[in-house]
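Each structure below is given as structure tokens.
Below, subunit A partners subunit B and then partners subunit C, in two separate complexes.
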Partner chain A sequence: MKQVIATRLMHWKKQWIGLVFWLLFPLIAALSVTMIINTLQEDAKVPVGVVLEEQTVAAEELVEKIEAASFIRMEVLSEQEALHDLEKHEIDSVFVIHEKFEQNIKQNNRTRLITGYQSDMSFAYVPVKEMIISHVQQETGRAKAAFAVKKLEKQYNGQEEWTFEEITAKSKDIQREENLLDTALTFKGTPEAVNDNPRLFPVWGLWGIFSLLSTLLVFDWVIKEKQSKAIQRLVFSRWSLKSYLLQNLVLYTVVMFTVDLFTAGSLYFIFGEWISPISLFVYRLLISTAAFLFACLFKKPFYYYTMSFVLTLVIGISSGALLPSAIATDWDWNWFDLINPLGPVLSENYLSFWPAAVVLSFVLWLFRKEQYHA
Partner chain B sequence: MLDVQSLSKTYDKKQILNNLSFSVKPGEVIGLVGENGAGKSTLLHILATLSKPTSGTVMLNDQPYQSGIKKIRKQIGFVSQDIALWEEFTVKENMIFFERLSWNRKNNEKLRQLCNDMKLSEWNETVNNLSGGMKRKLNIAVSLIHDPDLLLLDEPTAGIDLKSRKEIGSYLSNLAQKQGKMIIYTSHDMDEIMQLCDRIYCIGDDPFYHKLLESYGKNPILL
Partner chain C sequence: MTFAKHNLLFIQSNLKKLQRKWLSLPLLLLFPVLLISLIAVIAVSIFLPEESEPIHVGLVDLDKSQETETVINLIEESSKLGSFIKMEALSETEANERINGQLSAYVSFPEGFTESLYSGDSVTLNITGNPDKQTESHLVKELLDSIARHIRTSQANILTVNYYAKQLSIDSDTRHDMLFQQFNNFLVYTAGKDKIVDEEQISNDATSSPVDYYSLAAWFMILTIWLLTFYSFFTNDEQVRMQNRMRLYGVTILQQLTAKITITFILTSIFAGIVLYTYTSFMAIPLYGEDYGRIVLITGLYSLIYLIILAILELIFTGQKLRLLIQSLFTLIVLLASGAIIPTLYFPMYMQNLLPYFFASEGYHWLQEILLNNRLYADYIPLTIMLAAAVMMLLGTSAWKESAR
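After this line comes the complex of A and B, so read on.
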């Protein structure tokens, strides 16, 4: 193995730029695409201006509520700036949270809490207004309930002496824990859909596809070397062609898995998206072996490259890694998990058709008779 | 010693080699001549274990080819018509690459000496930049890394200049005489064959080669 590593290093020394590029390509491409998509999504959000006339907890909570809306990009501005930007149509609408907002909510006073401004081109005004009304109603209701509790406590000579803040905090805790507003709707007789479809994790899906492409392209060495005249010399060397190819396959897999681990660390650091090293290893083993066997079928790199791009595109689309919408249909796609080659990386499904097919093909290749004989 | 007995080879019902028997002693250089398609390369491929004979036996240093292919291949150096080298590697890198995969270990000094003996001094030049003659020399040098007893050369001097041809011929003569290597050589250059070979085997029944050899004052040995 040591000698084969030495010869492989000699090849890599000649091709290091291309090799480093293709090894880092999945990480760079997945990062770039995800960041571009994030930027585009951010740019596609409707800009809404908020003017805060007071810095109270209730006002901050409302701001957080608006900010959390997926379709809104909120900016806190002065009233003058906000109205100027609205006039220039740089923002969609403006909401001014007036002074004594918190005090009015506590007093169950629901008038003149907020003033909204819109232009003739506004289209997010109504949904944001509805969201604010809903929030204000919720908070005034909470305040009303807190006062009712205090009143009851006084009426029945309670010993607890809860403050208004304690009651509202407890109310929020219960709301969070009970998850009162989260309801799953299903058709009669059908089980509740589990909303953890792993195909909707785009970063690792993208990485899986780019990794497949880069692995296929890196493994062109199999064709180039098998077709070279120089490799015929292996007949008169310590290693058979099969043994030479096998050792190189192991070496490539180890190097690529090391890069995969680095990728996993990077993606976790940047996006907080983690993948189990076992999934990563199974996927690496699967695509390296598949690329190796696939390359063994070709004599000309051009046809191999063409088929590699076609294969990657087909798997990318059909696996749902690139286009999750393609699988969000009425079809029952459970069967697809069985044949999805990205299974190990997307759903940690190790026992599927592809690993079995690759293992079987590899065993057949391993026991196939060598070309040169006596 | 190489001993070939009753060797025949048939491809698709066509008889290529018919009942050949001959032997080669250490230090001998044997030339194979014959028209294209007569079976020279086929014979070399069988002797190099790259092809199976239809019938007959081959023994190298008293070991039959069927006894163990690895043991036989350790003793054979094969130089094909093609330049079997990594084109983007230097002379040095090619020598080191194949030394790493070889049975015998040789240090860089010995590898360089092997090239120098063949008058191949461009140690750090890439193969792409070498002349045809230099490539042929390196092609032979790589085949000698594992010190084979039997060297099989299939038109090793095809398409190269006269100087390189003479240098290769001179090196091979020395190799046979001083190191006792058995060399079997095919070429279409009759002058080269006449100068280099101790015996000349004529493969095929084309009378042209028989007459040509007689005109050189040699009795062709018909195979």
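After this line comes the complex of A and C, so read on.
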């Protein structure tokens, strides 16, 4: 082993820039993709058209509130313009605030105050609609309260003559001053409340995919060294080709696992997302062996590289790691979990098709070589 | 003259390479089709509601007052109608047991919940999530947040009624009953919130439906990936020695690159044309002779710019691994920015402002206008200018590389 390390170090001396780049690539790529997506997600807005059929205080207040929502870019348009833009799918949805909006609210009448238009390509119609409803509901609810108070006043012959404005203002005050109802999310087994939303793409899923790619690309040494002139002289040493390759496989796996641990630490430090070292180790073992066996199939590095990219892309899409997590969980995964190579990272699922297949082919490879040399 | 001769020579040698490896041609052509079908299958299985399991949520009543019972009954009843979320009332021990299994989360109404609501003290609804079902738990939290917003308003209103009722001569028992009645009123009122909006669906038969849009997007993606795969297929992994020998015959890198671009362009055009023709006849999109001319021009300009940038990247990044990485990354950016995956109108404003200057989004925009919006016009000038710029850059980089050797 000592000599293997020495020869390996001699190789690495010449290629250390590339090696360091590919070793750190999964961490850097996962980090930058997550950060870019976070910024884009924050800055992405749903374009919504609003049509005002009356210019009253209530209607304008509602427009201001819609405009203040962080996920919306609102435009006030004429009805014709708005519907035309919607048909051309230049805006996501259109909301028409009808005439007598203010009057209807004051009369405690809330049916069909607003018409919402959506096209068959409106992706964000429902959340926008819910947001608008909750604002209108606030106003109509206050009107309802005012009506209830007025009714009581009449019923018990009060002489106070409270006005509509007075009562709604009181309700607003109460809502503002006494922060009444909150929700908190904790997970079973962890006492801390969780604040931020789940990430669109799970960091560890991204890392898993990038790590697969970089492992495949680093393992081009299998192809290159099988063809190098020096390898023919192995016959004169006490190693067979098989044991030489195996020892290097172990060495690479150890080095890459060290980098993985460093990555795990960094990701925990930056995003607070932990992964168990056992999962990490199983995954590392799996992809190193798989990359090793995959590389054994090729003679030309260039085709190997191309196929590595293809393989990574296919696995990335089909494993669900590159799918937005909200979508991924809706899917019925049962048949798929079995063949998902990212199982160990994403769900601590060690016993599936891939590890079995890799172990089996590895055993076959060992056996075959043995016979060949014997 | 020699330039053209060398070019032809390399085109011939590329064709020979294809002939020798004709077996890989179907694979090359099928790869993007398979990839996109895979994405489509995933997308369809997500959007078909029957296949997704409902989210199970437990409701735990620790307060055990009349009001919380009403609320929980109402929620339980109403969730029986929808298939998306299933809510059920549970005891605390039951909830604790089942949170490790099928339950995604449970919501507990704390002791003294109603009391605090009436008196205006702040209360927190606790959601306990299943650590194995994090996304669902967040979804439940979002849902509850929106319910809480409605309750907050109702509560402020109930407190307002209470405030004024206290000033009237009502005895405390009657007032309490009256408040409970108000509570129920507001609860029903909140449940009927959807009355406010009258919903209308607009669709224009002549133009884009999601199926049309995503079929065009799929064609555009297949075209782009074909360009990339053919281009990589014709890329030789030859050594520096071979390159030097070629240079002795007066062959420049530029000639090899042009030959590669030409042959990739021609091959992809043939196949993409066939696919587009089948697509338009399947979708029954009315196209006239001139439309075909416009589509060919726009697609041609787009493909050439894309290929030239691939060539520039090949010149700059000499390492095979790095080059493939950068070229794939570039392709990903091209596909994302074109709007073929997510429609561009959802992009942040500052990115939308930049899009007209990017060839992919400009090209896809005009394809959409012609094929989906029945426009009888296309503006070729921006794409032509971008093509000219790309050619200049290619000439510049190759001259720089040639002199650096």
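We take it that the second predicted complex is superposed on the first by the 202 of 374 C-alpha atoms of A that agree within 3 Å, B and C clash if a C-alpha of one lies under 4 Å from a C-alpha of the other, contacts with A are read in each partner's own complex, and residues count from 1 in each chain.
Note that in this section a residue touches a chain if its C-beta (ideal position, glycine included) is under 8 Å from a C-beta of that chain, and two chains touch if they have at least 3 such contacts.
Please read these numbers as outputs of a predicted model, since none were measured by experiment.
Of the two partner chains placed by the overlay, only subunit C lies in contact with A:G141; subunit B stays clear of it. In the superposed model, A:Q3 makes contact with subunit B only, not with subunit C.
When the two structures are aligned on the shared chain, A:A230 is found in touch with subunit B, with no touch to subunit C.
Once chain A of one complex is fitted onto chain A of the other, the partner contacts of A:E87 are limited to subunit C, with no touch recorded for subunit B.
In the superposition on chain A, A:T306 contacts subunit C only, with no contact to subunit B. When the shared chain is aligned, subunit B comes close enough to touch A:W239, but subunit C does not. More residues of subunit A are in touch with C than with the other of subunit B and subunit C. Judged by the touch definition given at the top, the superposed model places A:Q55 against neither subunit B nor subunit C.
Chain contact summary for the complex, subunit B toward subunit A: residues 48-50, 52, 65-66, 69, 72-73, 76-78, 80, 82-86, 88-89, 93, 96-98, 100-103, 142-143, 146, 148.
Within the complex formed with subunit B, the subunit A residues making contact are 3-4, 6-7, 10, 14, 228-230, 232-239, 244, 372-374. Considering their complex, residues 31, 35, 38-39, 42, 45-46, 51-53, 99-100, 105, 117, 120-131, 133-139, 141, 144-146, 148-161, 163-165, 167-170, 178, 182, 185-186, 189-190, 193-204, 207-210, 213, 232, 235, 237, 319-322, 324-325, 328, 343, 345-351, 373 of subunit C touch subunit A.
Of all residues in subunit A, those touching subunit C in their complex are 18, 21-22, 40, 43-47, 73, 83, 86-92, 95, 110-121, 123-124, 129-130, 132-134, 136-138, 140-142, 144-145, 148-149, 152-153, 156, 158, 160, 162, 167, 170-172, 174-175, 178-190, 194, 197-198, 217, 220, 300-302, 305-306, 309-310, 313-314, 317-318, 320, 323, 325-332.
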